[in-house]
Amino acid sequence: MSATRKPGRNFLFVPGPTNIPDRVLRAMHIAMEDHRSSDFPKLTLPLYERLKKIFKTKEGQVVIFPSSGTGAWEAALTNTLASGNKVLIARFGQFSHLWGELAKRHGLDVIVQDEEWGTGANPERIEEALRADKGHEIKGVLVVHNETATGVTSNVAAVRRAMDAAKHPALLYVDGVSSIGSIDFRFDDWGVDLADQIKANATGYFPYTPALPMLHGLREALNIIDEEGLENVFARHHHLASGARAAVEAWGLKLCAKEPKWHSDTVTAIMVPAGFNGADVIDVAYRRYNLALGAGLSQVAGKLFRVGHLGDLNELMLLGAIAGAEMAMRDTGIEVELGSGVAAAQAEFRDGMQAKIKQVAAE
Amino acid sequence: MSATRKPGRNFLFVPGPTNIPDRVLRAMHIAMEDHRSSDFPKLTLPLYERLKKIFKTKEGQVVIFPSSGTGAWEAALTNTLASGNKVLIARFGQFSHLWGELAKRHGLDVIVQDEEWGTGANPERIEEALRADKGHEIKGVLVVHNETATGVTSNVAAVRRAMDAAKHPALLYVDGVSSIGSIDFRFDDWGVDLADQIKANATGYFPYTPALPMLHGLREALNIIDEEGLENVFARHHHLASGARAAVEAWGLKLCAKEPKWHSDTVTAIMVPAGFNGADVIDVAYRRYNLALGAGLSQVAGKLFRVGHLGDLNELMLLGAIAGAEMAMRDTGIEVELGSGVAAAQAEFRDGMQAKIKQVAAE
Amino acid sequence: MSATRKPGRNFLFVPGPTNIPDRVLRAMHIAMEDHRSSDFPKLTLPLYERLKKIFKTKEGQVVIFPSSGTGAWEAALTNTLASGNKVLIARFGQFSHLWGELAKRHGLDVIVQDEEWGTGANPERIEEALRADKGHEIKGVLVVHNETATGVTSNVAAVRRAMDAAKHPALLYVDGVSSIGSIDFRFDDWGVDLADQIKANATGYFPYTPALPMLHGLREALNIIDEEGLENVFARHHHLASGARAAVEAWGLKLCAKEPKWHSDTVTAIMVPAGFNGADVIDVAYRRYNLALGAGLSQVAGKLFRVGHLGDLNELMLLGAIAGAEMAMRDTGIEVELGSGVAAAQAEFRDGMQAKIKQVAAE
Amino acid sequence: MSATRKPGRNFLFVPGPTNIPDRVLRAMHIAMEDHRSSDFPKLTLPLYERLKKIFKTKEGQVVIFPSSGTGAWEAALTNTLASGNKVLIARFGQFSHLWGELAKRHGLDVIVQDEEWGTGANPERIEEALRADKGHEIKGVLVVHNETATGVTSNVAAVRRAMDAAKHPALLYVDGVSSIGSIDFRFDDWGVDLADQIKANATGYFPYTPALPMLHGLREALNIIDEEGLENVFARHHHLASGARAAVEAWGLKLCAKEPKWHSDTVTAIMVPAGFNGADVIDVAYRRYNLALGAGLSQVAGKLFRVGHLGDLNELMLLGAIAGAEMAMRDTGIEVELGSGVAAAQAEFRDGMQAKIKQVAAE
């Protein structure tokens, strides 16, 4: 029980950082090189083209930017808006809240549309607000595609349709940090204007010293996605998320996401019963079982724990995590039946597998 | 379902190769160096001292030898025995069988004591054979400490006592490939004469070009064992094995090991019901669930599958593997209840954890 | 001569990115982990304390910031100054030029003190300007400690003394990207106010998702500096730079740095004779000899080439690079004698080594 | 000067272990896997085919064998010869000596043909000995292709012709440890019978647990050889060796190899002047300049030092080593002119480069 040495692998089930494939780590284990050499663009130029496919854009420009997601939020706003500009943000979780706060600090005039936590962006209300803005003072609409604080995915296509219906010229800013590459994202179809992407690095060089290992890791990550197939990646995330949700149902617990239409395929936020504290579950899971779960934040602090299920993940890894969550809940007094969530997820996984086998056989 | 890209980690549950800690891989990721340099012994000499603790010997000599375990079998015999010498071997599984065959090929006169597969070395019969050998023609007694083919651990201490009781000068050769560092092994207490170890590399250099990355990996592996504590490593292997055996009981299946006294803490061999083939379970587990299980060999081919649970392993990894075995058995028609083995193992693990917490609290 | 496969190691002699020790790469090769776990601050908190020693500060706050150096420039200015504030910058190379431009884009009122390229910040002129600023409108003085474009190190202590003499309250901003950890930097002694460092991460957590492998790499880099000793690191950089300068002298060429007092110990900028283009030397060196040299920028484009000699470097690596530069110069028609620069650097290195041996013997 | 921390890269110039490309290390940094899985032969089977090209054989069988070269010597002899069989070995250095000794220990009747150290196998004497052996009692002829102790390469094709001329059925055993992949080796053309290769692993599986990281490393090494082109690899080794020999000539020193026809392209053994000890040069080079050189062995102990120049190596790495050897010689009192060997090697390298450029232009 010592912290010094925890045998075996850590089960990392937070909605980020995610499990990174060994191949990507290997690709990043590389000697430094001259980022001004004549060979360098051979590394970088293809990355932009390949990233466009992940974003599902033909004309959009992808920017590779060495910072945290928070830094990308900042760069997207400060490079396209001026102090005093109005922006509209739908707020329904900690991360949509923080983006709005960051916008305020940069001097933007932020109109917050609060939605109940456990739901997502409301296209009808957005359309209404834009129609009311006759003078087109609103310069941007900000949407967090996948709110990891509550396990909710918003309908970006519907937001775009609302903006079009209102015939409003505001730009659509989408945070896709925990969705792109895991949940379907369609930059062009959805008419997204900014999703961490602004201008081309047309020559293959950078205006600063880039983080070289990251570029090599990115290339290998793109290789891996290509090999699996982007649509297969999405299908796998949905398959795994279905298992997680089946487990929650078997436990007799509730999701934070209010309705199936809000279900996120990359993170599941699980309400603990009244009288219990989600933080205790997380603490026991980590110390006793080497399982990292996500905490409830702000409004839902203590009320839930979160299972991230995105990245390089398969059924047995998730079943191990579900089994660990069961033990941790029992250790903190929550009366779930051992093995019940596992069994429900196993059934879900076997159904999915059978369907897949039939489909392959039919092809 | 394509073989090209299997997302997530492979669940490696064969009794070797085992899950290797990332730290050991990192330590092996090292530039070549001059194995004749004046610095080199600083790397190697401490390894011999530290290895003695793992073997629990004060006076014994540990040899670091660049080959497979098969090569070490050969080296141990050919360097201490002459063609025509008699050796006695207890045979109760594929690996004790193969060691005997190798001895024959090297011209040794091999007396085989067959024991039922699922049991281990029989000290009484060994004592009897040695007492009958008045002329002391038997030069060696060969024992596989942990027979991975059947999941059986033999009592080496009892074999030593039997040899002493017979007042016989034969050397005791022990294969500890799948036990040393996982199951308690006591070179000195048990009077083992040869366990892959023959002479000192007193200067820190080698009579050949050694496998350098392996030496660095060995050093880091020793660090890891030190940090966890060797006795804790043994306790963890027992704890995990208890969970595996609880799952088998919950499934209503039988172990290959006939009695608890033969239970191996590093591998569990599970009999499949009549009419089913263990190889099918293994095949489905690997292709559908990215789970590697061990096969039945020779006498028990098709009759069982094996779960290796040794090395860098924890509860959730093993629970994932148990869940995977359940799904694979169901997929091949074996009627185990989904989640039942997981629940039994979880209960076992929680009991062990509670006992540990009480013990720590009491200290 | 194909670009596909260049055998052997690339000789990386640009003033950044630098040769990174294998140990740091290994430390970065690590599975992702939960940056909100209870164990996480055990990783991060000691880093801040250890970094203070590198910056030679007791009370200063070090910030770990996931971006390029350009991003750190931006963060330092935007978090401490308001649009319209006046700043004074000494400009004597491409990087001091770029920092000033960045300040302008952020709405700062930038007073540029141009110095001849090949010299550095002029404390007398800075003092004069500050004395003239009776109203204390200048809020910051910006100094690039080591201008890699010209191989010039400025005297930051003298700038501080000038500011104190002028009794001016402006903050002193120092860019130490290519000096800290290689050339002596004394945050406290020199009264630096901002050197990429603003506030504490007192809890060990981050307000964003940090770049985890970088933190592990940073820790190992600090270990390496500790083992060598920070002052020994500085001495080694000086020793290597002396060899590089001796080679230039033997070639009969001139440095860009006008006088010894401007000599940088991390990068040497070498003027090519009239009629030759430094870019040709760099091109040939890279394509034929796998040697990466730095280019002349802006004012000095084509007029020089640069040898970076910082980071994980020793005498023989640098001698290989000097030999490569000799061949590349000859290939482009510059008449340096093969082996002449190498011989001069060897003599310098042997002298340094003898002095060190005597010193060690005397201790 | 402390041994604890030597900054920069070690210059590894012994004739093995050699500099291993980072790509190979990365490929070896891999999680363990089941060596009995249905996927495993996809890794192994292509390796055998690709290795045949390196050995230049169509029908020969390559064996992948987890041991040192010494172990391969042993395996080659013990698996094809019986105790008491006669073998003929040409002895002209420490490694040909050791192979003969090993053969004796295995009970073979070894006929030693001593040649002067600095020369190699003498086809005429071998033919003579075989012709004299009317009863065909000699079962094998043993030749070390590249004797690293003296930097001598023998003419294996001539030995084969000698055996054919004598119409003798003995098998030809060739040790290619330090030649195959660096110096041209033609298994089929030369009628080699055994060169570490005995039988096929036709299924892709092993009769023992193989060293998995080594297999992955082997695959990447083959990729690298393919990319460079095997003939280009040989040409590069010759080009580098020519530079090393030019340096020795410029120093006014002698090679151990008596005539150009014995020159090895992978290792150069350099005689130190009378009154000096090669071991001192090696000691100083290692401690002061982080340069690993090879020692004189047995007959030539102290009389020479060796520079290995094989593996992943380029001109600048070798020039750094030559510069280091110059300094180390001077430090031990040997009067070579600093930079003289470097200049000679540079001239050789530039000539080679010019020839290559002309050749590419002409194509």
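Letters A, B, C and D name the chains as they come in the text, with residue numbers starting at 1 for each one.
By our rule, contacts are C-beta pairs under 8 Å (C-beta built on N, C-alpha and C of every residue); 3 or more make two chains touch, one makes a residue touch a chain.
Just so we're clear, the structure is a prediction, and the values are computed from it rather than from any experiment.
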Most distant chain from chain B, judged by the mean position of its C-alpha atoms: C
Pair joined by more contacting C-beta pairs (B-D or B-C): B-D
Between chain B and chain C, centroid-to-centroid distance (C-alpha), Å: 53
Centroid spacing, where centroids are CA-atom means, of chain B and chain D in whole angstrom: 37
Junction residues of chain B - those touching two or more other chains: 9, 19, 26, 29-31
For the chain B and chain D complex, residues of the former touching the latter: 3, 9-10, 12, 14, 16-20, 25-26, 28-39, 42, 66-71, 206-213, 283, 286-287, 292, 294-295
Touching residues (chain side chain C, partner chain B) in the complex: 22, 26-27, 29-31
Footprint of chain C on chain D - complex, ascending: 1, 4-9, 11, 19, 29, 224, 227-228, 233, 236, 288-291, 312-317, 319-321, 323-324, 326-327, 330-331, 337-340, 342-344, 346-347, 349-350, 353, 356-357, 360
